[in-house]
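Each chain gets a letter, A, B, C, D and E, in the order it is written, and its residues are counted from 1.
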């Protein structure tokens, strides 16, 4: 076990050895295993955006095994998905890659400015399916945030008692936030902090823009000249906002984009001290051979092999 | 046991042998037993639409035994109904046909654009009544979808632990969907995906039209030219959206219609790779002799004996 | 469903439809399905007598799948075994034959004049493994009978609430019984009565001899001239002692014996109104082809096709 | 994942993916990972025999970390120990090697011809400590076997529901067995069968001698000429008695012995189709450098690299 | 916090911060706070030996507050007593000194060669009374050891989950041990090992004599020349047997004795690496002023201020 992994595990001293072992599994598996960086494949878009929008661009993705295989072949640290997708492959791929069971999900057939995802799985499901962690999405800013935070609290307590790790997707959204504000650096940093304070072991946020949403926060950023000009600076700020870097913070890839742009974002995450990426659509919405090459480049950047 | 049934069962590797045995019972019973196709008789219309609308067209249908007998005599794979109807015949017909206990129901004396059915039975009821599966309706698109998904999650976890199969009726409905949108192919495919992600073993949806409801999805269907022109193509797309065909997807018959039209729809389901039909009003709203002949034709089409 | 099966099910009016459906499954499966007679394959001898004594005579029997296949190919009504053997094939043979999970077992490495078997499985195990019934052995006459009866009571109550059938092996044994007394007709009839009074749906006893063990009983048999001279008479008496034939009583085959003798015993069971046989060693301790032929003859006798 | 590991996992079709993943972890970790063979380090002798008898020969073994390090450095598949030893290192070595928590233990300050170990840990302990499996010792032949079997049944049901594997130490012992009989091949084969029937995933027995203890069994071995002359033949018989080789059977090393003798025993286990060894005293009672070399040789023999 | 306390706490990495905080409270309170040594006042003799034998020599000891005050005034690290004594002063002395609630006790009105103490308090009692730890006595060697170990296991699991520390009194006693054997060094070392393996945080044993009780152990001690001649050597051996000194081991004072002898024993504990003393009768059976002086001397020896 590398010194870096040991160091990261040392931040979780309140957790039992079971949870630490599962964090270790996430950190030591795959191509980036041992570097302290992670690339995770998440596939919840079938639920979140609908099947055609998710899988029609690369139809093999309709098949649940495709994503297990993609994550394994690409050397990802873990594969994250909702109950159905995990159930549809957990037996066939048992022991091949750490799994993260997404325990809540939201669809677009009924959308809301203040969304409240549904709890769609349990800690017991995660155990019977052999998962290393549970995942849960909160929407800080939603009028329903209280329900979400409290559901997370219960899930988290049960997960930790049973030796699982807790990964929190923290996506600001709600009637009091502007569209731009959802990725404003003050808001993203705040969302990361909330996830950490709720007891997350791993936090997933979107890449922050230089936008500042909250008037009161804006004053502080400006008067104290918090450096947020470059993406790397903003990543650094979000990491700092996550217990000064003592929680694992990873960044989501967002919709499929230009590779060059994407790789530059990965460089910024790396240089800003981010722990890695969780890359769904940019991975599974292209032919597998291309996806493997793409992820190889991402991992190369994180590993420092590609500048 | 036929190779096809073995193949279908192999998709449920995360389930215990009890659940797999009950899926096997559904797949091996009746005229279509062993073909991998199913025709199920559902009679929840008494609850959902009222007794006269349901049974006055063929008054013997007021009697709960009528439907057990119809399903048995017609060689259906299973009979599905709410608690009362099952209780009213489960003893008399014990061991004669696999039963599916519908665990939630909705009536029209109080209706709502965003419906929330009531949970009207339990997994323990299903066990004491000798059922092979539980059924549950979700209305993706309803403002109450979260409540429904979470009820299903709990029922599903308990059912699976006790060796039962889970059949999900997934009917898009709600204030954000147009009437046409409820059966739009993008929406039906999405509804099937949601049911699969929620852990359903068998998914029941309505036959999709060529309508595209969601703007974001429409773009994808059109730009990628997803084939949805014919009904068979749309069935194929829905089956693909159900874990690339690795979940059993059956289609509901809808209101009583012209037999010729209905049989053509069955042909489209068959040719599009659908697993079968769940046929209520078209079966029980006509005299029994006619119904038997009608169902025989449907099964003949599925079996490939009738082109 | 045959009239005879309907008649048999009518005796279990206090049981819920789930239990009756599972009794129906036992009574309608296999070659004798519908006749009201049963031939069941039990394989608990690996546990009860040790592996070599059980399987060395026909080594394919070491493999757990062998017995599932033998029971299926021979057209038995059910296959009964302890947890390990059922777990080792329940998934592969899901839905192929009704299973009976033996919930207690006893081995010979520690033997006792007053034996107390160990509870080795649960009702929940039976449900997750897809069994139609649970089996349980009592040793009336053992100093530990109270423990056994009470364990059975708890198991039985739980099994019935969950729609399972209860099969009781009732084998008199204990320090107060002579070796001969264990199969004396007064004792066997008493053991059958006890099992019925404990709520068994199906009772399994050994074939009774004309020996009379209990002085007080002996007086009655003799003074009232209860007919117990022929084996058929004794079977009739045991069946009568099982609620006048309103409980299913089957007879165990005992150690491997001459076929001619065995077939005559089957004739006696048939003619005395017994419901069938549970045949372990005589089935699985000979080559499969022979076993199939042997069981075919037994079933032919029960079906009345062989005089 | 190697074909052999896939094949082994396929035997556990009744288990959930969590349990299969943990079996996969045992089978893929360490030097022998992927070969289908296992060498496990067990250190429960401190409890079972006392500290000086266990650790004085190599005093670093008093330190709980020593054994974690020995198991890791030697490339063992897993490390097994009682609660205290696991608690004393699970955090420091989290994620480094699969752990097996021994859930019952017995000491010699009170000994008994019919021993009953104490339950000293729980399934919840195993989860919070990040273990892949629980271990449990039964003493078939003990007058207390019923208590042990029933404790195991409860632990096993809970462990399986939570996705853990179950390893059973099956050591015949008790007032009805001669000292020689404890390792007689009929008795060892019987003990292996009992563990399998109780639902064990992995069975650990002692190496069998050619002694035959039970009169009734002796007749069968002799008349059917079951081959038990060589150690490899006896290993093969024990493996056959473990569901025809469809359960993982490993053999314990016993007290420290001559290396040459020990290596020949390993060859016999390998050639007889045994799955591996669990080697305590022969490993940790010699200086670490020697132990590593010793275990390397054992693994080389299993891997077929050393003839 | 001193480096030594930090070091000691580092051994308990599997425990939650609550338990570690309570261990820290024991280690940092009182005169010896921070030195890594402990002197604890236990007063369970009223229950164990009767009131007159315990308190008549110094009648103020009948009053429960006396012992709280003695422990506080003497600068002890903690005060340990059964439920009644703790309840009788916990409110008045809340927050003044760490408390250890003894959860089982044994009296002499019914004695037994193989004693089984009664559970007389609960983890919930310890929490409501503000205790830092629970105490529990095991008698390794007793025919009832299984019951004791299993009670401890349950108490320990609950205590640890609630953030309490677990102190185990491990006193060999039973029909298979000679009187001399109860304090033989092999037996005391074994008893310490058992307590550690059962998950104790703090172990309390009697001072060992040079007697060797067990034949098998004797051989090892003699052939390997384990140094056990002096008391300090024997203490060192017991500490080594307690996970190589990675568990806190303290020694009981025994019946009231000559001060000079007692102080020499304390020196041996100190020099042998023991962590301290738990001193009942030698403390509270003399006038308070004398007791304070006596304990001051003991603490001075441990602190190294008195040679």
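Quick notes
Heads up, the rule we're going with is that a contact is a pair of C-beta atoms (placed from the backbone, for glycine too) under 8 Å apart; a residue touches a chain by one contact, two chains touch by 3 or more.
Nothing here was measured: the structure is a model prediction, and the numbers come from that model.
Ranked by how close its mean Cα position lies to the mean of all protein Cα atoms, the top chain is D.
Which listed pair repeats C-D comes down to matching contact pairs by residue number; over half match for A-B among A-B, A-E or B-C.
Measuring from the averaged C-alpha position of subunit D to that of subunit E gives a distance of 36 Å. Centre-to-centre separation between subunit B and subunit E, using Cα means, comes to 67 Å. Separation between the centroids of subunit A and subunit D, computed from CA atoms only, is 40 Å. Within subunit D, the positions touching two or more other chains are listed as 13-14, 16-17, 90-91, 124, 128-129, 161. If each chain is drawn as a node and touching chains are joined, the picture fits none of the line, ring, star or complete shapes.
The part of subunit D that touches subunit A in the complex is made up of residues 1, 9, 16-25, 27-28, 90-91, 94-96, 124, 127-131, 161-163. Within the complex formed with subunit D, the subunit B residues making contact are 13-14, 16-17, 161. Chain contact summary for the complex, subunit D toward subunit E: residues 46-47, 49-53, 55-57, 59, 62-64, 82-88, 90-92, 105, 107-111, 116-122, 124-125, 128-129.
Of all residues in subunit B, only 11, 13-15, 114, 140-143, 145-146, 149-150, 153, 157, 172, 174, 176-177, 186-187, 189-194, 196-200, 214, 216-217, 220-221, 224, 226, 237, 240-241, 243-244, 246-247 touch subunit A in the complex they form.
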